[in-house]
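Labels for the chains are A, B, C and D, by order of writing; each one numbers its residues from 1.
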């Protein structure tokens, strides 16, 4: 677990839950699907969505590149050495830069409202304990933020941007909430029952592309080969996976690999993706409960042992 | 143009050609679609396909990672600093590592035969002038190759591997040949008229994933956002683009941007992808001649001026 | 000039002054030798001297290495990438780490007193304008300081350490004050008239060694070859040069080369060192006024034109 | 021991020998002072001396910088990333560049003659076994050499330069031979009995400066602080130490620390330097047998246990 944030170190490493919400067919919920955990880096997707809607792609990519970095999520090297812009909005430096833009237009309260709406979950709220734990151990993010200021990437108040960023990371969600959000991303930004558009087609397309190329930190390329579903991980143990035109998937499993991705969660998604041929480059069959049920139950069973 | 290879510096920068070969519907050919040029880095895709068929993914990824590098195509830094393996098989270091594996199993003559078959073009042959020009200026690739030997990534003869790699780069192809190859990649490795399988489903899936995440050097992420079609570029001016389940595309335009990608070719693909919504994350409409014709003709017209 | 600190950008680039204070013989003063300017990085020597006296070498080298970095003075890369400690106490990261140690034992007021005593100059005081100008543009140093906190190198209050460090940089000195300080370093830490010991022999030896290997940022090695006198530069235009067992030298010339060293000052020291064979590895003749006068007058004359 | 060169892995790690050859007073010889071992990187000093005499400093520093690198001796990173020139002539890349210059003017046979003369040792000869062992495992040096060619630093035949460089590393010397060479460097390039000048004053000054700033790889700065004597190490276990104006010192002790420096040799020099105050920045007392004998005998005694 992410024991560099003391409060996160307390989670039970054996938890595992998944929710699959297909565009057509029934919702599938297994294990700890309704357990609350902090969203952490998956909040970068919410922030990016909102920033895309407010500023548009062009303005964002003036501040942040769209390139995978080949470096760890919290690296300063790539920022200082190779570039005057963060590599992409899904690593810390890029997300803090986006936070610096957002705080000039929206409040954290606005963001909380967006998060609840996008995830269709009114119980999303700030986990104060985690937030305070993170703020007291965020020297590296603070270093990144001031480096961004020194490079004119952040022009707003650095401490405000950092607090905003850290609050967004400290939202309590469930695998269920993430599946709701992912479902709408899979459906071009539109609620698949109501038909309501939450995000523009362009926003959704760009966000999914970045999730595929940069969503799993410096393991993104390997994950794309092995799983092939746009996914964003968080060190709280969450995974937001968008099986485009088929289903939204939320996973919770707090044991992390060295790159910061959920071990059981990634293994589970790899297994499902393999069995159901969910890679972007396979066919486009629907995901339905009967195709999925067996493997999941079996996986959870194996995971317990 | 790639003037570090003297022979490539002689191309006419105003040339532009494209061939689109849809899975359904008529082949579209415009401009210099049948002009011969050297395949350069696009040969990395042919070599990777053959290596996947011979060794399987597991053995290849013991020698080479599958991660975008965030560095220029011919960097030694990433190899020496961050990793004991090349970042991926589509940058020089990774492709030279693959060449080191291949020379133990196949001859260049075999590879020429595969290239002709995959591209459905019997006139593909070695461009001796380019080959000799490259061999006389390949110190950096030679340095990479010996560094790979020092890291036990290459265990075969280094000079042989380098000659093999450089010969593969010096094959003369056309936009037409590339479209044929891309068509089969778009069709899961199967010829769309004959129904003959050329490559396994797994090979094709992995190759397309790597093209998307790593195909355009350190511009891959931005290209994925802007165009969203798995594509591999070569400094000879070629582009191999796979619009999955819809069409294979070959482009030729020898003026290069600083990252080594065809300027007119990328602009053309971006325009087509935007108009026809070809990004992986848009809909899956067929590409047909009548949807494409106008924009291409118009583009070529604008390009001439 | 160092125009990234607005207040420093206002200096007259044509100023040049030098004071040579031999262990034996008369003091030599030419040009703007009594002009006040901010000490900037030369304060790193004063801080290191005091820290050596308080903590001893062993404790300091637990926090900071003693290696030349091969990188620019304000680099974060070397710190993040190659090492968990700053490379040496004479680059910003190392000096900020030393400041973090000092603030637990001494006040800025104490340091001001030490500075006045070491430099035998009671008029040394804080330049408020420069201090405030620097504090308002110190994002990069702040980033470095928080990165040090994240690596457990700074355990005291980061903002306090940063203010302390910046105040030390903002002390107003003259070429004369620096020559006094350098004279004592050249005389093993002892006042050469009074015989009073200001610094221990070990402190002085280590500080002179570090000045030789790391005193001129990433130009230290070349300077050692060309001049061969332990020297520390500051972006205020100052140079503190210790011709061991012979003389202390202070120089002021505010035009800087890209590495942050005084252009005229370095050229002047190179010329003197060449003519008088002052390199560490030449003979140990005394420096006396009659051996020096001509060249200096001549140099200043040439510089004016 | 340097087990990456199989032949070097066979040395007896308990060997230790030292020869101190003062400018005045008797030669001191203890332990394995007359044991043959390969000179390895210490040959970089011989090559640099010869190159300085032939080409002069200006021409050499067009090809190679004079800066400590902050990186391991065989790094490619610094070369590729930060600079178009090797950092200094005492790391592999810089020495291979110097070899590329030398082979246009002198033969290896000439160099062998110079080595014998500078070291006053007619029995210095090529160790064929070590040379062949190194040539068969020198992929990294070969990579460095071709990278230098790609950057136009080497314009002569790369394989010839590599062979020349490796032959120079494979010369068999003794602690005694090194002390002879060091004695002349300590005496401004002049034989201290014969009065014959072997090297120009400028060559000797620059070589000693580089030994101090860059002679111990990426441990040079710490060694300068702890010992303070210009020294060059070799992975054969040798140390060439120049106590300027006092003595030449040769040491042999084949157990190496991770940076490639002789463990017992460095400890021994540190102890002698501490006791006799040999740092450049201490006094300039003569080194005589009676001041040294006791500590050495005692050290060797302790080392045996």
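The definition used in the following text is that a contact is a pair of C-beta atoms (placed from the backbone, for glycine too) under 8 Å apart; a residue touches a chain by one contact, two chains touch by 3 or more.
Computed from a predicted model, the values in this text were never measured in an experiment.
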item	value
Required minimum of steps from chain A to chain D, each step between chains that touch	2
Centroid-based (C-alpha) most distant chain relative to chain B	C
Distance from chain C to chain A - Cα centre to Cα centre, in angstrom	48
Chain C and chain D: spacing of chain centres that average the CA atoms, whole Å	32
Shared-contact residues (touching 2 or more other chains) in chain D	81
Chains touching one another, given as label pairs in label order	A-B, A-C, B-D, C-D
Footprint of chain B on chain A - complex, ascending	57, 61, 65-71, 78, 82, 87-88, 201, 204-206, 208-210, 212-214, 218-222, 224-225, 228, 230, 244-245, 279-282, 284
Parts of chain B lying in touch with chain D, wherever the complex brings them together	75-77, 80-81, 139-140, 142-147, 149-150, 158
